[in-house]
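Have a look at the structure that comes next, please.
Chain naming follows the written order as A, B and C, and within any one chain the residues start at number 1.
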Amino acid sequence: MLARNLIDLNQLSLEELDDITDMACRISRHPSHYSSACRDKLMATLFYEPSTRTQMSFQSAMLRLGGKIIGFDNPGATSVAKGESLKDTVIVLSGYTDILTIRHPVEGAAMAASLYSGVPVINAGDGGHLHPTQTLTDVVTLRNVAGRTDRLVIGMCGDLANGRTVHSLCKCMARYGGNSFVFISSETLAMPAYIKEYLTGCGCQYSEVRTIEEAMPYLDVLYMTRIQRERFTDPDEYEAQKGVYVLDSKKMRLGKPDLCVLHPLPRVDEIAYEVDDDPRAYYFRQTLYGMYGRMALIIRLTSEHGHCVPEKPAADPDFICANPKCITKVEPYLPRLSLETPKGKVCAYCEHHS
Amino acid sequence: MLARNLIDLNQLSLEELDDITDMACRISRHPSHYSSACRDKLMATLFYEPSTRTQMSFQSAMLRLGGKIIGFDNPGATSVAKGESLKDTVIVLSGYTDILTIRHPVEGAAMAASLYSGVPVINAGDGGHLHPTQTLTDVVTLRNVAGRTDRLVIGMCGDLANGRTVHSLCKCMARYGGNSFVFISSETLAMPAYIKEYLTGCGCQYSEVRTIEEAMPYLDVLYMTRIQRERFTDPDEYEAQKGVYVLDSKKMRLGKPDLCVLHPLPRVDEIAYEVDDDPRAYYFRQTLYGMYGRMALIIRLTSEHGHCVPEKPAADPDFICANPKCITKVEPYLPRLSLETPKGKVCAYCEHHS
Amino acid sequence: MLARNLIDLNQLSLEELDDITDMACRISRHPSHYSSACRDKLMATLFYEPSTRTQMSFQSAMLRLGGKIIGFDNPGATSVAKGESLKDTVIVLSGYTDILTIRHPVEGAAMAASLYSGVPVINAGDGGHLHPTQTLTDVVTLRNVAGRTDRLVIGMCGDLANGRTVHSLCKCMARYGGNSFVFISSETLAMPAYIKEYLTGCGCQYSEVRTIEEAMPYLDVLYMTRIQRERFTDPDEYEAQKGVYVLDSKKMRLGKPDLCVLHPLPRVDEIAYEVDDDPRAYYFRQTLYGMYGRMALIIRLTSEHGHCVPEKPAADPDFICANPKCITKVEPYLPRLSLETPKGKVCAYCEHHS
């Protein structure tokens, strides 16, 4: 049985994930073989906050498959803002189309949308919660570039405290055998304890260092991320630290010949432009693999499902999510739903612990 | 001879209207049979005010027919706003495309556009004047859901004083035999006298009631509309009345088993969410029928016409429209045109009486 | 060897330019023969400033060729504005697509984009610098309407001091034999000396007059342009002059029977609406020829090139462009590049003399 939506990458079995990344690899070799795979299919991109890059990656993916696109990306200027609920918009647009891609500033919005959609839903980012196709992008890139997704030494550098991207990648790569992690950050921006506990629980090794130089010689993969100035209460601390976490040619010299440097983009100044010409810089090709990954995902979700009504999780009328950023706070008609996890009950939308 | 544009639904003969709704019904049963009906045809959507829902319905319709789309929906932010006249924009875009869909905040704009377009023009709403494809949506829905468009008892509830949608639907349904109407509203928001006179002139019966409950047992169709807070000068009156015109499960219990509940959407709170699961709630399927109606209309308008120059109505150089919201007030080069009606001379653009 | 990008129309040989205008003429006669010429090709329109007309012309052109489109036109509202460099955006989008069209408010931006694009780049306007597809539009129109591009007496009227369009058209038409020019403007808005010197250098004749009436009887072509109120420091001077440079039916009576009136659009009030019905008014058909010209250009650029990496001009590390509006001032990672010209060294991006 296949997943009907992609809300959370962890909802896919490892076999399903491998099927999708395999297909993405095949597409990357012969994109033109897939130019009619979604002929006469229509995708709506519901971008409740603008994200031009992500939206254009999905649009390119669908168009490259011979499909068609509609959507919005600036709801503040449109009638969608005139008080229509997420439910109503999703029902109407899922009637017009064959697949929905939703980006929303509120946590759990994609899961909420999937309750009402007659067609598959892809989560293109729901606030600080999840962004599964970014992680899919990273996995497809490693599969193609490193040639494998296991037995890798993966460095992660920058703002590890707040980075949804690196947290998600950690959880995903922990599912493959033999991966280990090196976290490169200041103390303030260190990887949160719950991720480290998660890795330990999966039997993954990790270490923490304060400089890129210490880690560089051992890495198969270096995943760079932005450090946002607004994360620092003390501007002096920001100024003192920022150069430490900038990748340049000098630091690249310490890396292995087959190192793979990734970045979710956009970069600001955490990778010097001189690194772009280094053959180990894969962050631009990474966006191409992202498009191929999205193509594989769209084929998968649209090819085996008709316009069926999804099953709703069992209701939990007494459960009230404590997360103020949860979609249930802004869309009050949503049914109260919870999930049992090893660590206790969580909100079925945003996964916040009660 | 076929209509070349769709500016006003009443310009279609009942036979033409039935042809379009028949085709919409056939499309709704086998949409894929029509997936190449407009191959290589290009539609421009000129939305001088944003209306994401209407625009996406037209876009989906065209794409589902194998056609292509260009357009704008936020002219304030674009160069269209830099002083170009409606005439010039329409001439240029009708040169690029095969059909234009225009939405404009000023009354009569679609008729004005049709004077200069080399291709068919669809009115997607011109201020408070007309919105013919919404009425087409309603007729197609009734044809499919109620199985007929005559001999229906049609309830209309909410703001009947200001609702362009309900006025237009009254006029249209009065053309079919044996329909009668029940207007459900407060005194302030009652159906205007000229609509009631129109119905009487057509031999249609109507009654007026103050509550949904009174009407409910007799209705075949209940057409719900929004009550906008800003229509009330007295906030207490708004608060006192709003609950009366909210449809909920309790009121639904009074309705017939084959009642059909419609709403032009977006709803705010005039239909409780609990009603959505009632099988008599057709307002979401209504949007789908709207897409099928637009598909039929686009096929009809694009299939039998080339790029011909439309005939202009005869000029009436002394006629000056008295309506301050008329397109002739903002586009001064427009020729002065009037129409003779049984009630006297009216503006050919906005139909305002002189 | 074919040009890979279209940054500057003067980079095309006259033979290449004629090939493109020939193809545009063939397309204008049988557009449907080209409806699959770019099947499965994808164009991105990167509009860093809104220009709805130009963007819709490119979009129509690509769609009419069976191609597909993505893009943005309001980067201020999108994530492209979140600090991403032109380089990074261009690399990513050229990975997704087969051809890029770029519009940018800064001079030299299109040339800068071409350094990093893996696919052909079309300059759709870079600040006050160049707008080659407007000039291509003009040449295709003359080829079709006047039947030739040489031995024409070309009048240019309006703001000749600041009009990028007329400067570019002068330079282009000077390449063909026997064209002469009549510049119709106030002293303040006269054609700049460097253009007149250029024409003299090419062996072209020109004269300067103060009124349309003086020139009218001699013209084969009258190219009208806007006079922008903000060009005048003295409002009285603006008011005194503006009527002089308005084309109306009375002035048209002085023109030859086969005169061809052009305008780059949008017009404001420099051509009276009454002129629109004169058969010598070609400014609306001009936009259609613009679309055909863009279709020819897209076919040409996409048909004979794969995703190859362009050659970078040789670096000139000591060269710093003195133009404060040059793209090198806002994108500091750009390599310093210069060109040798007969008049000395110029910036390779914006062609400003050092």
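Here is the rule we use: a residue touches a chain if its C-beta (ideal position, glycine included) is under 8 Å from a C-beta of that chain, and two chains touch if they have at least 3 such contacts.
The structure displayed is predicted, hence computed values, not measured ones.
A turn of 120° superposes the CA atoms of chain B on those of chain C, with the angle given to the nearest 5.
Interface note: chain A and chain B, two copies of one sequence, contact each other through mostly non-matching residue numbers (shared numbers fall below half of all numbers used).
In this assembly, the C-alpha centroid of chain A lies 41 Å from the C-alpha centroid of chain B.
Across the assembly, chain C contributes 74, 77 as residues in contact with two or more other chains. Touching chain B in their complex are the following residues of chain A: 40, 42, 44, 68, 70-72, 74-75, 77-80, 82-84, 87-88, 91-93, 95-97, 333. Put simply, chain C touches chain B in their complex at residues 32, 35, 50-53, 56-57, 59-60, 63-64, 66, 73-74, 77, 265-268, 273, 276, 284-285, 287-288, 291.
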